[in-house]
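Following are the structures in question.
In what follows, chain A forms one complex with chain B and a second complex with chain C.
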Partner chain A sequence: MLKYILLRSLLALAVAFTVSLAAFFLLNVATDPAQAIAGEDATQEVVDMIRARYGLDQPLPVRYFEWLGGVLRGDFGESYYWHKPVAELVAERAGVTITLALAALSVTILIAIPLGALAALNPNSWIDRMALGVAVSAQAVPNFWLGLIMIILFAVMIPIFPVSGDDTWRHFVLPAFVLGASSVPAIMRLTRTGLIEVMGADYIRTARSKGFRGGALLRRHALRNALLPVISVLAVQLGQKFGGSVITESIFAINGLGRLALESILGADIPTVQMLIFVFAIVFVAMNLLADIINAILDPRIRIG
Partner chain B sequence: MSNADTTPIAPEPLARQRIIQYLSAPGAAIGMTLLVVIVLLAVFAPLISPQNPYDLMQLDIMDGRLPPGSESYSGMPYYLGTDNQGRDILSGILYGLRTSLIVGVFSAIAAALIGTTLGLLAAYVGGRTESLLMRLVDLQLSFPTILMALMMLAVLGKGVQNVVIALIIAEWATYARTVRGTALVEREKEYIEAARCLRLPRWRIVFRHLLPNCLAPVIVIATMQVARAIGLEATLSFLGLGASVTEPSLGMLISNGYQYLLSGYYWISFFPGIALLVTIVAINLAGDRLRDILNPRNI
Partner chain C sequence: MGKLLEIKDLSVGLPLPAGLLHAVRGASIGLDRGEALGIVGESGSGKSMTALALMRLLPQRAVQGGSITFDGVDLGTLSDAQFSQGFLGHRIAMIFQEPMTSLNPVYTIGRQLTEGAVRYGGYSEAAARKRALALLDRVGIPDPVARLSQYPHQLSGGQRQRVMIAMALMLEPELLIADEPTTALDVTVQAQILDLLAGLRREMGMAMILITHDLAVVAEQSDRVAVMYGGEVIEEGEAQAVMAEPAHPYTQALLSAIPRMDGPPRQLGAIPGTVPSLLSPPKGCVFAPRCAYVRAECVAARPPLLGDSAHSRLCILTDAERPARAPAAPIRADHVMGKQDVPVIDGRDITQVFTSRKGMFGPKHTIRAVDGVSLTLKRGETLALVGESGSGKSTLARIMLGLALPTSGTVEMLGRPVADLLPLERAALVQPIFQDPYSSLNPRRTLAEIIARPLTLRGTDDTATIATKTREAMEMVRLPSRLLHSYPSQLSGGQRQRVAIARALVTRPQALVCDEPTSALDVSVQAQILNLLTELQAELGLSCLVITHDMAVVHQVADRVAVMLGGRLVEEGTCDAVLRSPSNEYTARLLAAAPQFRPEVSGVQETFA
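Here is the complex of A and B:
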């Protein structure tokens, strides 16, 4: 098990390094960071000065290995745009994105599991059909458009929540709902299928014959077993929330990692892009790894070699 | 006379049986009907839309941001209102559907072709080729799609063609992984052994025997990917990296309306979004049923 975790962690690092290597070369070839820093109207002299000042006149491989050396010492370089260490920038903004991702996951859990359970307990009823409808539309609605609709409904027409920003908890309600909605279909379906299967099992019949009914039966016997597969999928979904934060944070003007990623990619702020790629790849792979580990712990039949 | 008794009842042709089976689920029937209507609307957009939204000469800035149901000076009704440039939203949607469908279908097919070929190759050739390809797939799948697409667009530049390329690069790995998995199972079956015993050439075994038996999951994934690609294209256009302002796609229209949203001009973003939603729902409904029929084990 330990060996497996170690192997997967190494894979995560390999992914992070490879993607950032590719990003470094591609972005450097496609865009001119010196021009990006100087602005579009800058004169040639200014651009050249900046090129020398930031060491952008060095050959690409030299610059990459310099960056790599810095990373090994824990130094991710300085942002071209913000003029401060990238690590500081990322640390400042990580909290907001982690809050958003966790809040979104809570929204998913609060909507998907009760809905899936209700659907499973009343198969083919109107509740089941409604739940399926919710799943189909939540799967189809593009995240950014759902965000806009939420702004129209709950910030403009009925102004309960602020339109944008990240100062109070009220700022996080709409973004968390929007980001959480995209995971509802998967979790709901999984809960429904799992619970239907469990409700037909022998031990549920035994529990019933011992007099367990309704809530107690569901809580103490059925849900515990039905939710096993859900937990590991939730870990995967949490990783995807970080990717999804790119869009949600841009719509609601939240100063987190996602918005920083979009801005730095568009602004050719290469050091920032490099570190964010690192962070995203590691979070993503780590969450998938966590899912596998949870699976292995919860279900001893799974043995991963 | 006895003729009628002895001849067996001719079975319905297989294709028709399949179609009837497919449409017997109400969700699939609704999805398929919607999809046919949407495709027809997109194909005949130049004939039915009240205005050519790409022709700037036809736009009148004086008609900008009119609410749904207004009329232009010349008396032409704007059923769904107009955007900031005086573009009829209904026409914009009809033309936008074309862009969305073309991007979705084209990128899904191209990604399927590349992914399937590489997946088959990996499964059949094995060895170093296989591990190299599969590591590449792992790499690709362990990174958020939207970030991958954003980076490709930062490198390639804006524009619809580049969105298609970015989508292909972001999505081929899913096919490769699935096809390799299926092909590894199929490869061990007797009909492949039989083909080998006949000393058929390798390419023939791969493409004439192995490939047809791996196609079911590819078709299912491709259907779903069309929907995903349409959503992603809209997202990227919304972020300002897709279609240009003068040739609006659905995402571009939504993005156009975004800045006027807070002033109450909701229809510029709202109706294109509904069109996008209905299109994706239709494809998903049609695809769900396809999955149920093509791999009954996965229901």
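Here is the complex of A and C:
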């Protein structure tokens, strides 16, 4: 088991570096960072000067390996825009984003799993149809629109939550709901189909033949089996919430990594973008690894081959 | 003391989109304490539904009528909670057909064994564990203490069924229901499990309902037998009486459809037609459309229940009116045309090695699925390849078909190495027939398209030729041409397997490789298919390689037998010689394990032969 985790972690790192390599070349081909730093109206001399000063006149492979060398020493370079170490910048903003992502995931779990389970236990009932309706509409509504509507409803018309910012827990309620809602349809459906399948399984019939009914049957025999696939998807969703909160953070003016990503992309702040991509990739792969480990703990068929 | 169980006029209906499916109609069954009742029937006869109704395990939508009385208590008056906590496990327990999926994969054996006893049986954790250990030991699980902390996937199918049995016996039920408990298991394991059940029943003085499609199993294991057909109990009585003197035409036909190991192989008594649709049950006798003795009264009204409690049947025929059946003609005398010493498929020294990894980084494992086997299929003969699951027989069959190349060794077809043959040439020489006719036919194509497919693949584009050849192939397998434009989903299992055979024959191959051609079929349908294969072979001079685990099928169709164990050929010889005096210990075990009618029961022989 330990060996498995270790090997998977190494693999995760390899994936993260591959992603960073691709990102590095794409970024430098798509934009001219020197021009962006100097501004649109700058003369050629100024641009050249900046290019030389930041080492942007070096060939791309050389610059990548310089960056890589820095990363291995824990140095992600200095932001062109904010003029301070990128690592410091990311560390400042990460807390807010982690809070938002976890809150959003909780919203997803709290809505999607009970709703999916209720729908599965009463297939084709009004609960099932209502759950399906919720899923379809949640899937159809774009995130930014839901965000704006929530602001209008619960911050302007009925002002119970602040419009924007990230100072208190109240600031996180609306964005967490908006970000969490986007994952509800997928998780709800997965819970529903998984549980329906499990409730029809032979081992549930066996448990019923031993006298198990209702809640005891669900808790002691069905739930763990039904949640195995849900856990894998939840982990991926958490990764997405971490990296994909760009729009939500912008709408609610939350000073997290998503907003930082947006600002640094607009400012062609390559060291910052580069580190964010690296961090997002690591988080994503780590979440997948975590899902595999949880599945292995819950499912003996994975743990003991 | 009254009967332990009294089922009266039970009916079960399942609402389907097409209407109400009458799965069980007016079934009445009684059972004394300590008695063993066998319920026999083919698929769709309602035998499992009867048991599920008794256990209250029917689907929620099912409609149930009639009454069930257990030890004087009318179960219909009990609430679901009263029944599940007062009866399930304590007084009635059940084991199921599929040991591979009937245990929860994510919990330990120990937890699954003890949880019911602790939760509903008043056992302490420690007492339940002690009882579980004793039972595991009794059902023949080695090292029970270690097993308790293991998971179902670490056990073999036979072991899982033993665990299921131990689990059902935890609270010493008065009645054990076993629904096809051995159907999914290998032959040698089947015999062990059946013996175990019989022994446990005697020790615990328990009553048992054994549900099976296998008449031989019932004959060996039960005191009484109920024969079900089309949702009705059509014959019921003491096992000896029913087996020796079957009174209902269906039971008679069913008994004559079973391939028997005693005496020379005879034409099997196939029942014409198919099982009736239970969506609109007939006004009269449910068997009338297929019955050889049908009269006008049979169709007009339900038949009366004749006979006494020792032996009764739902049939209008009195003992005197029932004609004695003509003896079946022996088959497979040596007049089969073209039986020669010419090899059609010649496999020499075939070895197939599979390598697999455990996980992404695990160590490599190699499995020798087939290990140095030489096997020759001669012109006009039927060679049976026998072995249990995992013996490598299906892998060998794929290689003999030319569908896979072995790791080492050669296969020659009519003297040419199979590697040199083009796929089309190979397909013209040998064709496969697979086990499961439900999944081996493309559901989106009509029969005409399915059967003609090998022709179009060979580039025949003359529609007239294709139509003629398709029609010929359908005639060969006795499929009416009105089915030409139907889809597989509209056919019964037997008809589908005929389609598979027609498809295989349309290019007029020299040889057929049949992988368990009848093991997914009911006894009466198996008889139709086995008869058909025997006839076709005589007509066309085909060579057949038949893969099977069923010794009775071997006896019925084979000229020669090859027995495989662990990838090796352990015995080979003529059918007569091998079945009469097996030289290998494993072959002998296989033969001993095959369920057979006991001598005292085979009065059937006299009645028919």
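Just so we're on the same page, the second predicted complex is superposed on the first by the 259 of 305 C-alpha atoms of A that agree within 3 Å, B and C clash if a C-alpha of one lies under 4 Å from a C-alpha of the other, contacts with A are read in each partner's own complex, and residues count from 1 in each chain.
Note that in this section contacts are C-beta pairs under 8 Å (C-beta built on N, C-alpha and C of every residue); 3 or more make two chains touch, one makes a residue touch a chain.
Computed from a predicted structure; not experimentally measured.
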item: Touched partner set for A:Ile277, first chain B, second chain C, both or neither; value: first
item: Which superposed partner A:Trp169 touches (first chain B, second chain C, both, neither); value: neither
item: Contacts of A:Phe65 with chain B and chain C, given as first, second, both or neither; value: neither
item: For the chain A and chain B complex, residues of the former touching the latter; value: 11-12, 14-15, 18-19, 23, 26-27, 29-31, 136-137, 139-145, 148-149, 151-152, 156, 163, 240, 242-244, 246-247, 250, 261-262, 265-266, 268, 273, 277, 280-281, 284-285, 288
item: Of chain C, residues touching chain A in the complex; value: 55, 57, 80-81, 84-85, 88-89, 93-94, 96, 98, 101-108, 115-116, 119-120, 151, 153-154, 164, 167-168, 358-362
item: In the complex with chain A, residue positions of chain B that touch it; value: 27, 138-139, 142-147, 150-151, 154-157, 227, 231, 234-235, 238-239, 241, 254, 258, 261-262, 264, 266, 269-270, 273, 276-277, 280-281, 284-285
item: Contact footprint of chain C on chain A as seen in their complex; value: 3-4, 7, 201-203, 205-213, 216, 220-221, 224-225, 228, 298-301, 304-305
